[in-house]
C-alpha cells in the first residue's frame, strides 16, 4: 500500500516535472523559465559594481532562493524518474546540476557564483514548451546538418590552426616585441584575430613588410571563410534532397534509396509496385 | 448630387495619390520622393552643430513645410480611401503616420524631431514608381525566402544568444573590471562584438587565458556564420526550383516536370492544353 | 598607292596593338604590362614622402616617359582601328584615355597625377595575353552570374541603406556628440561600419542602451550578410544547371533549352530525334 | 649476403617510418606527433622574453635534441625509401627538410630558429594515423573542390586587388598623410583592411568625403564576400552531384541517371551489366 502510494506520488511528480502536455506540466515549465530569467538578470546586476554596492544583499537573497528551488527541483527530478542514473548522466541532467552547483562552490571559492549564468542553457527548454513541432524540427535539422558537416569542418579548422601557428611565428619575427608582437603565442592570437576578420586593432603591424604579410592574411581569411559556409550550405541542400527521396524499400532485397520515379529495384530488378 | 460630386473628388484623389500608372499619379509619387530626400537631408544637416548654428532657422522652416505637406497628404489618403481604418492600421498607413508624428512630438519633447529620418522608409516606394515588375518581384522573392528561413534563423539566434551569455560571463570572470570587462552585460557585449567578427577593439582581452578563450570565440564566430548563410542559400535555391516547376501532367503519357512554358509533352509530343 | 600603303601600315599596327595571337602582338601586350607595373610602382614610390624627397626627379621622369608612350599608344590605337569613335567610347578606349589623362591634368591641378594608378585597370588585360580561354570563361561566368543577381542585390542594398539611415539616427540620439556620434551622418557612418562587421573602433557606444542597440545591429549584420551570399550562390548554381542543359534545337520550330530527356519539342510537339 | 641484409634493414625501416598500419609504424607516428607538439611548445615558450630569461638553456636543449632526432629521421627516410630523390623533392620531403633546417640556419643567422614552428605542418600527418578514411576523404573532397574553384577565385582576387589599388589611391588623395594615409601603399593596406571587413581602426578616415568613400568600400566588401563563398559552395554542390552521377544507360529501355551502385534499371528492371 505504502509503496503504491509512493509510486503514485512519483508518477504525479513525473507528470508535472517532465511532461509539457498537461496544464500543470506547462505551468511548471513556464514557472521555471521565469525563474531562470530572473536569476540570470540577478547575476548580471550583481556583476555591476554600482548596483552591487546598493542592492547586493537583496540580489544575493534572490539568487539563493532560486538556487534552493532549483536544487529541490533537481532532487525531485531524480526521485520522479524511473532510472535516476540515466537522468543524472544525461545532457539534461548535467545541465540541471551545473545550474545549481556554482552557488555552492562559491561558498568555498568566492566569485564562482557568476557561473550561475550557465542557467541560460536551461532557457533552451523554451522550445519544449512552445512544442510547435516546427521549432524542434528546425532545431533538429540544424543539428543533423551540422553533425554531417562536422568532420569536414574539423579537418578545415585543423588546417587553419596549423596555418595560424606558422603565420603567427612569421609575424612575430617580422614585427617583434617592439610593435606589440611580444611572443609567438601573441603572434598567433593576432593572426587569428585578423584571419577571422575580427580585427580588434589592439596590435597592428607597423613595418611595411608586416603590413604586406597582413594583407595576405586578410585576403586569405576573406577567401577561406567560403569553405565552412560552402560545407554547411551543401549539407543543408543535400538534406533537402534527402527529404524528397523515395522511402520505398524493395520487397525482394530490401534495398532502399530508390529514385523517386523508380518502378524496379536498382539492386535486384524486382518490381517495386507489387 | 452633392454626394456624387464628393465621390468624384474622392476618386480623383485616389487616382492621384494611390495609383502609379496615371501620369498624375506618377508625378505625385515622384514629387513625394523628392520631398522625402530633401527632408532627410535637412534633418541630417540640422544634426550637425556647425551647420545648425548657421542655417538652423532655414532648415527648421523647410522641415515644417514638408511636415505640413506630409500631414495634409496623410489626411488626403484617409479621405481618398474607401476603408480609412484599414489604411490607418496597414503597414503603409503606420509608416505614413510615423513620418510626420516626430515633428509634432518634438514640440513637447525637443530633440525627437531627428526621428523624422524614419521618413527614409517611405523611400522604399521608389519600387512602386519604377514598377518594373522585376523590382517588386525580386523584393518579394527575398521576403518569401527570408520568411521561410525565419524559424530556423530564430532557433539559431536563440542558441547564439545563450552561448553569448555564458561566454560573456566566463570572459568577465577571467579578465575582470581591471581589463575593461566591468560587468557581465559588458562581457556579453564584448562577446557579441567578437563573435560577429565586428571587433571594435575598445575592450580587448589582456590576460593570456582571456586571449585563448577569445581565440575560441573568434573561430566559433567564423564557423557559425556559415549557418544563417547556409539556411538562406538553401531557401533561395529551393524557391528557384519551385518557380521553375510545372505541376502539369501529360494527359497522354502522364510524364511530369514539364518546362513552365511547355505546350507539348517532352515525352510523347501530345498537346498539354487539351 | 599612297592610300594602300597607309592602309597597310594601319593593318600592321592593328595586328601588333590589338591582336594577342601573333608573336609581335604578344610581345607588345607583354611590354605594355611591364610598363604598367613599372608606372604603378613609380606612382606608389612618389607618394611616399621619404622616397620622393630623394628620388622625386627620377620618378617623375619615369612617369612622364611612360605617360608619353601610353599617349602615343592611345593615338596609334585610334589610327589603327577601323571605327575610331567606337573605340574611343568603348570601355577599353575610356580606360586607355583615363590611364594617361591624370598626368596632363596634373599640370593644371598638381597632385592629381596620383590618379595614374587607375592604370591598374589595364592590368586586367593580362587575361587577354594568357588567353587560356579558361580565364576569360571564368571571368565571364562571374560577370553573368553577378549581372543576373544584380537586381536582387540592388533591392537588398537599398533596403540596407534605409535601415542604416534610421539606425544611425537612433544611435545619434542615444549616444550624442559627447560620445563621438557628432551628427546623423556620423551615426550612419558608424552603423555601416558596424553592420558590415568592419568595426574600426574609432567611435564606440558608451551608454548601456547604446551598447544594447549596437548588439542588435551587429546580430542583424551577421544575419543579413547571408542574403547577398545566398543570392550569388543560387545564381552560380542555376548557371551550372544551364550549362548541363540540353543544347538540342527543335528541327521544326528552333525552340531550345529542352529538358535533357526530351524526345519531343515542348513548343510544337515535333520529334527532336528526326 | 651483405646486400640482402642491408635490403632487409631498409625494408624494416620503411615499415616503421612510412607505414601506419603496423603496430611499430603506428607507435612511431604517434611518437613523432608528440615530439612535434613538444618542440612547437618549446619554440613558443622561448619566444616569451620572461620564460626565456629563466628557462632559455633548458628550452634550447630540448629543441636541439628534437632537431637532431628529426634530422636522423630525415636521413632514415632517405635511406629507407626506394627512390630517395623522389622523396626529397616531394611535398612531404620538403616539409620534413624545412622542419629541421631552421635550427641549423639559426647558427649562422640567430633568430631564425623560431621558424621551427613550421613543424606544425607535420601535425597534419595526424590524419594519416587516425586513418579512418573519413578524415582523408573529407580532406580530399575539400582539396578537389578548392582546386576546381581555384581559377575563378584567382580571377576574382586579381580583380579585387586592382580595385584596391585604385580605391587606396583615392583614399590617399582624399585623406592625405595628416590623417594617417601616409602613402599610396598605406592607402591600399587600409582599403584591404576595410574591404575584407577586418577593420583594425589604426587608421580611420577623418574627412566627411573620406568617410563617404569608406562606406562605399565597406558595402562593396560586404557584398563581394558573396563571390568566393558562392563559387566554393557551387563547387561543393556540383561535386556532390558528380559523385552520385552515373552515366550508364539501360541497354533495354535507355533510361539514364541510375544510382552509382545500380545493377538493374530502375525503369524496366533489365540488368545494366549485360
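Think of it as A, B, C and D in the order they're written, each chain with its own count starting at 1.
In this text, a residue touches a chain if its C-beta (ideal position, glycine included) is under 8 Å from a C-beta of that chain, and two chains touch if they have at least 3 such contacts.
On a predicted model such as this, the values are computed, not experimentally measured, just so you know.
> If I list every residue number at the interface of chain C and chain D, are over half of them used by both copies, so same, or under half, so different?
different
> Which pair wins on C-beta contacts, A-B or B-C?
It is B-C, judged by the count of C-beta pairs in contact.
> Distance-wise, how many Å sit between the C-alpha centres of chain B and chain C, to the nearest whole number?
28
> Return the residues of chain C touching two or more other chains; collapse runs of consecutive numbers into ranges.
185, 197-201, 225, 229, 231, 233, 237, 261, in rising order.
> With chains as vertices and touches as edges, which is it: line, ring, star, complete or other?
Its topology is that of a complete graph.
> Could you please specify the touching residues of chain A with respect to chain B in the complex?
40, 43-44, 47-49, 111-112, 114-115, 117-118, 120-121, 123-124, 126-127, 134-135, 138-139, 141-142, 145-146, 153, 157, 160, 185-186, 188-189, 192-193, 195-202, 225, 228-229, 231-233, 235-237, 240
> Quick check: in the complex, which residue numbers of chain A touch chain C?
Contacts found on chain A: 197-201, 229, 233.
> Which positions of chain C touch chain B when the two form their complex?
Touch residues, chain C against chain B: 151-152, 155-156, 158-159, 162, 165-166, 168-170, 172-173, 177, 182-185, 187, 194, 197-201, 204, 208, 211, 214-215, 218-219, 221-223, 225-227, 229-231, 233-234, 237-238, 257-259, 261-271.
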